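In what comes next, chain A is part of two complexes: it sits with chain B in the first one and with chain C in the second one.
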Partner chain A sequence: MSSFDIQRPIVELPDQNPDPEFSDEELVWTDAEEEKIEAWKEQYPEDQAAIMKVLWLAQEKFGYLPPEVIKFCGETLDMSFSQAYGVATFYHQYYKEEKGTYVLDVCTCFSCQVCGGYDILHYLEEKLGVHAGETTDDGLFTVQEAECLGSCGSAPMMEITNGVYVHNLTPEKIDDLIESLRAGEVPSFTSMTLPQDEEELGGNRRTDVESTETYQTQPRAEHME
Partner chain B sequence: MPIVTIDGTTYEYEGDQKLLQFCLNQGIELPHFCYHPAMSIPANCRQCLVKVGMPKKDRETGEVELDDDGDPVIQFFPQLQASCTIDLQDGMVVETHRTSEEVEDAQTDNLEFLLANHPLDCPICDQAGHCPLQIQAYKYGPEGSRFEFRKVHKPKRVKLGPRVTLDAERCINCTRCTRFTDEISGSGQLSITNRGVKNYPMTAPGEEFDDPYSMNTIDICPVGALTSTDFRFKARIWEMSSTPSITTTNATGANCHYWVRDNQVLRITPRQNMKVNEYWLPDEDRLVYNKFNDNRPDGPHIRRDGTLAGANWQQAFAKAAALLGSADPERILFLGSAHATVEDNYLLTQLADAVGADAPRYIPHIEPGAGDDWLITDDKTPNAEGCERLGIQPIDEQLVGTRLAEGAYDLVYVLEDDPVGSGLCSADDLADTDVVLHYYNTTNETLPRATAALPAAMVVETVGTYVNQDGRAQRVRPAKEIQGVNRTLMMEMGTNREDEHGTPFDRWHNDENRINCKPSWEILPEVAKKLGEDLDYPKGPKQVMDEVQSTLEAFEGATYDAMGLKGTQLEDVEAGAAA
Partner chain C sequence: MEANGTPQSPAGDWRSYERMLLPPIQDLHKLDVYTKHGGYERLRRVLEDDDVAPDDITNEVKASGLTGRGGAGFPTGVKWTFMPEPDDRPRFLGVNGDESEPGTFKDRQVMEYNPHLMFEGILLAGYAMHIDTAYVYTRGEYTDWIALMAEQLENAYEAGYVGEDILGSDFSMDIVLHKGAGAYICGEETSLMESLEGKRGYPRYKPPFPAQKGIFSCPTTINNVETLAHVPLIVQEGGDAYSTIGAEDMPGAALYGMSGHVKQPGVYEYPTGMLLSDLIYDVCGGMARGEDLKAVVPGGSSVPPIRADQIDGLSMNDESLGEVGSRTGTFCPLVLDEETDMVSFTRRVAHFYQDETCGQCTPCREGTGWLENILARIDEGEGRMRDIDLILELCDNMDGGRTICAFADGAVGPIRAAVKRFRDEFEAKCEASVYPVSTDVSAGPDSAVAATE
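Here is the complex of A and B:
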């Protein structure tokens, strides 16, 4: 497993004159989408507040958000390009470049880090043969390092393509996960339960989900030993 | 009147005020970066933290509780507050870093955070010497830093636009620049991109920061992140002198500082005047400094045997006087100038009167559509209003142009303008006409046709008054030296370092860059003297202005003392009434 090695932290300047990925003909909303956007505009005192939902809609439609799509979203709401760009770059959930089918956001923030977040990340990197931030050659997986995803209790954890969380990660669990993702099976939503709930409620405090997983005593990270 | 107690001193205040601004108004310094009085308050730098409390009131009776000594018990907010967002309330008690160790520690720690990824490249940074971050880090910052890991490196030398260069590493994300483009200039061209340690202000991909007011972001940047592409690495701040004056690019009369080193103007920055330009200055006002340094004349010239040849000043005055004396007064055209000061135009009026010619008129320089209803105006001259108030009317360009072409004048006396360059007439039209020309630059297109060419001092070298389009009379002061000794200019010269002035060590001192020119208020009386007329004002333009303001209603009250640094508002007068 790779060593815990801090790279020289460099923030690159994004390409200032990228070639557009989408043509002007492609950058249009359908009537149904227009309707949605109008409804969102109604929800806020100012139209521009709907930018996050519009960006999200665009990401679902185009797959990712190259500059021309961000500009298009801004224009939809009479917002300057740079302001829309500022919003889009703030959130890592908006993909500014094309990603793999499955984006694996491995949390390496405080709790996950001490419970082995980096071990999991490096294990994934080695298994898939890519570095964090890169996509595998078959276009299936993108591995990313994420800041806190709000599930410290089940550390270390990861999120799959802005969707379901996978909790209490171990190398074995990663192996199974990758295998099932390759087969096209995305794990279902799993609710976390507290150990004391196990008996009383059949382990499931939520009535709306099938599967549950119980909080565990966290393992000590390999790199801490 | 409501009161607020700051560090044990009680102050009265009126209306709704923010604590930070109130402290600054009272001369109580509080460190801050993101707060700017003209813009919204995001409170994101967290540097202006103070301890704020209110007298404790009994919940049931509503009476103020007193301690054993009979003083009110003060209940402090559990956390320190950013003073920029706190509204003053009656009875509020504030402790700043001067009295509270907690506040002092908080400010120190906050600076440690701000500096965590700051490159600390002050030795090569343009902002060094007038950098709020540098100054406040010295005053309030920690001795060292506990962040002993590699700093995050961000893009350097990014050309945001034609005039602004970004060094993202130095940025502390105060958002002053993005708020400026959003709220003040309205172009919305800048936005903070990315998040956490990676964020910095940037334009959207493929867009340029070409806002006509873009360089204001350089002034308000509290660190060296936004620097002037033009001024970058040209001079250190402590090598220059700055002279409070006004810009002459247009009719706004925006207040500015001229920064001079080696007797050359190197940059122009805004000077606060809430009645004129507030805190701002358009880019077009700043990038004109080269005209003060380049293509400047080398002494007076007079025409001998058909060619312009160098002469001394006495010869030039004599030549101008001879031309004026010999010409038929009916066939002399006096052209005043909206580029020249009120004093110079007034003296020209006196001279025209003395020789019995028609009153001077001036050439308007209006570019329709160039203005923006803010600080950029259609009128590209600083003193058209001043001319009008003196009774100097704009010429009918077509009429005068035709008459010049017809050879209706024997002599044209031009004060600090360029009839050929402005399109009033062609150079050939002046072939048989004598021209006395007061001019600034050798690029003046009338110069090749001049019979007597008298180099005039520019706004950075003279003393005088300009009246902006709103009728505000404002003084200018000399920022750089010209050749020769002129007591008035010496007296008015900047007082940046009085002990240095006139010595080989002062910042203006570079004999090579001293221009051989004279202010028109010195030239015109000399020419009059050669004509045998008395136009003498021994106390210089100050005395001229005293006379103007006491004799002309349109200038009432505009003495040098009254104008001071911020100018004085003149009464509105009926057009032409002044004449």
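Here is the complex of A and C:
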């Protein structure tokens, strides 16, 4: 038996030529958007450099980036489809297919792994009845496994739809979170208290946003084992 | 110094250290609070004093001995001297806020709590190197922090600290925020430049180095967010004075991002050269679950992990960590206790690199996949004893300049070290499939391989 007998699971390839979701009439920028794009072009010596910003704008507007939207973004900056498609498919955060209303990116990397990131992910999968990478039937939640999101001191943590971070996760916190998301309430931005501020600033470095109580490592979700 | 019982700490009397990068001042991220506490004064002094030439700033930074905080630890002042003489081409500064190295979360604190210090550092660096535009490349996940920075940047523009004829001088510079979209490799400096130009983030061959041919083929310097935040402090204190802070080989303040199994994880500011034992047991209050220490990864996933029995007297500077074959990296130690399964841990590290390789170089693209596959097989109890050496052999075929960028070296270093330093754990997991019934592997891996064939 050779030692190279490992088989990767077979993943279904996404359809590379789906029927267009958006018609030509829909694929237009508003005046305000055009103004923004013009301003972005000014920021760089070459227009093409604005493509990442334009793709972000398109994702906000259309929800995700099917090929016709990517093509449209490219044309805005005189780029070929292949150039724009290459950029859109290089980066994780551009959604190439439709996702749930809330995309829950659970970090299972490095620090989060050893602090119970997988327990949190599995709890969430079980709760919502989907595996990582899938969307719930009601179209509300997509669960994803994420690489380090740069908030390792408050592991385990997750990010909601390329935006808000939720720190120091526990099963109870997940329960509350899902409930409030179902009610349409996305948690607001919270500032992470620096441990040294606990003594000197009473744990509140910024008075203009909510501050978390304190850094607390979660013992690896013992009650779930 | 001696009174604290840590006479050998290169960080010196760290208990009475006063924070400079993130001083305890409420609402320091706001422009008015920042200027009230001496903000932009260093810039003003440099621009108004005719005796201060651009090269003087570079020389101060050189004298300070500041090393880059993005992971590679290259002397910042020296890097700045690589910029060619100004010609008619535009010149750029790439500010690296990609911060995607697993375990690293300290640049974010600078961007949130002291963005103007970073802007002032950018402007001083721009003045020193005759740069006209800085691009702050921030990872796309930091949406909220980018919005905060954008607001503060606008304030700085309005107050005349950024833009045309800054503070009435003839020095002009723009700062542009650029949002990434989730690709670890874009933290690598040449990949960052490609990404900024609106392309896939494929790293470029070096040479040409960024100083000769960088963003849009123009002279470019890439510096980390934290590195630039040190610059106003150096201008204020003077390079020589700054070089006396912390460890001699990489002096200055440092943001330590502590994570893992410690009671009080988070970002702490202390001088460089903190003893690992001080950081874990004093600063962070000890181990979180009451278990013993097993390993420390000193600075992000790309640096080799250290065994608990090696940490005695080790401090956070390259000279000290180099003795056990590790590096400071991003100054963000991950602390692991006895309960950690080093095989699953290493497998997850391999998964990260497999996921994030840009795929240009065959050894890296294929190697990271095989590393993950083999480690997964071992982790799931299906491994053969010879898989362990197979991993090491595979590692030897990936690093050491076989690839375009240092990503492959970053992937291989920690995996090789983990396998060598925790070999018994890997062997224990391979045992089951070699001897389905018995458990005796005392004869060593060689006989184990023979037993299967």
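Keep this in mind: the second predicted complex is superposed on the first by the 199 of 225 C-alpha atoms of A that agree within 3 Å, B and C clash if a C-alpha of one lies under 4 Å from a C-alpha of the other, contacts with A are read in each partner's own complex, and residues count from 1 in each chain.
Here is the rule we use: contacts are C-beta pairs under 8 Å (C-beta built on N, C-alpha and C of every residue); 3 or more make two chains touch, one makes a residue touch a chain.
Here the structure is a predicted model, which is why all the values come from computation and not from measurement.
In the superposed model, A:A155 makes contact with chain C only, not with chain B. Contacts of A:G63 after superposition on the shared chain: neither chain B nor chain C is touched.
Of the two partner chains placed by the overlay, only chain C lies in contact with A:S111; chain B stays clear of it. Of the two partner chains placed around the shared chain by superposition, chain B and chain C are both touched by A:F90. After overlaying the two complexes on the shared chain, residue contacts for A:E46 are found with chain C alone; chain B is out of touch. If you count the residues of chain A touched by chain B and by chain C, you find the higher number for C.
Of the two partner chains placed around the shared chain by superposition, neither chain B nor chain C is touched by A:P187. Using the contact criterion defined above for the overlaid structures, shared-chain residue A:F81 touches chain B, although it does not reach chain C. In the superposed pair of complexes, A:P171 makes contact with neither chain B nor chain C.
Common to the chain B and chain C interfaces on chain A are residues 6, 8, 83, 86, 90-92, 147. Every residue of chain A that touches chain C in the complex is listed here, in rising order: 3, 6, 8, 43-46, 48-53, 55-56, 77, 79, 83, 86-87, 90-94, 108-111, 113-115, 147-155, 159, 162-165, 189, 191-197, 200-201, 204-208, 215, 217, 219-220. The touching residues of chain C, when paired with chain A in their complex, are 19, 22, 24, 26-30, 90, 99-105, 107-109, 112-113, 139-144, 174, 176, 178-184, 195-201, 216, 257-269, 284, 288-289, 301, 332, 334, 336, 339-340, 344-345, 348-349, 352, 355-356, 358, 373-374, 376-377, 384, 386-387, 390. Contact residues on chain B toward chain A in their complex (touch as defined above): 149-155, 158, 168, 178, 182, 187-198, 200, 202-207. Touching chain B in their complex are the following residues of chain A: 6, 8-18, 67, 70-71, 80-86, 89-92, 147.
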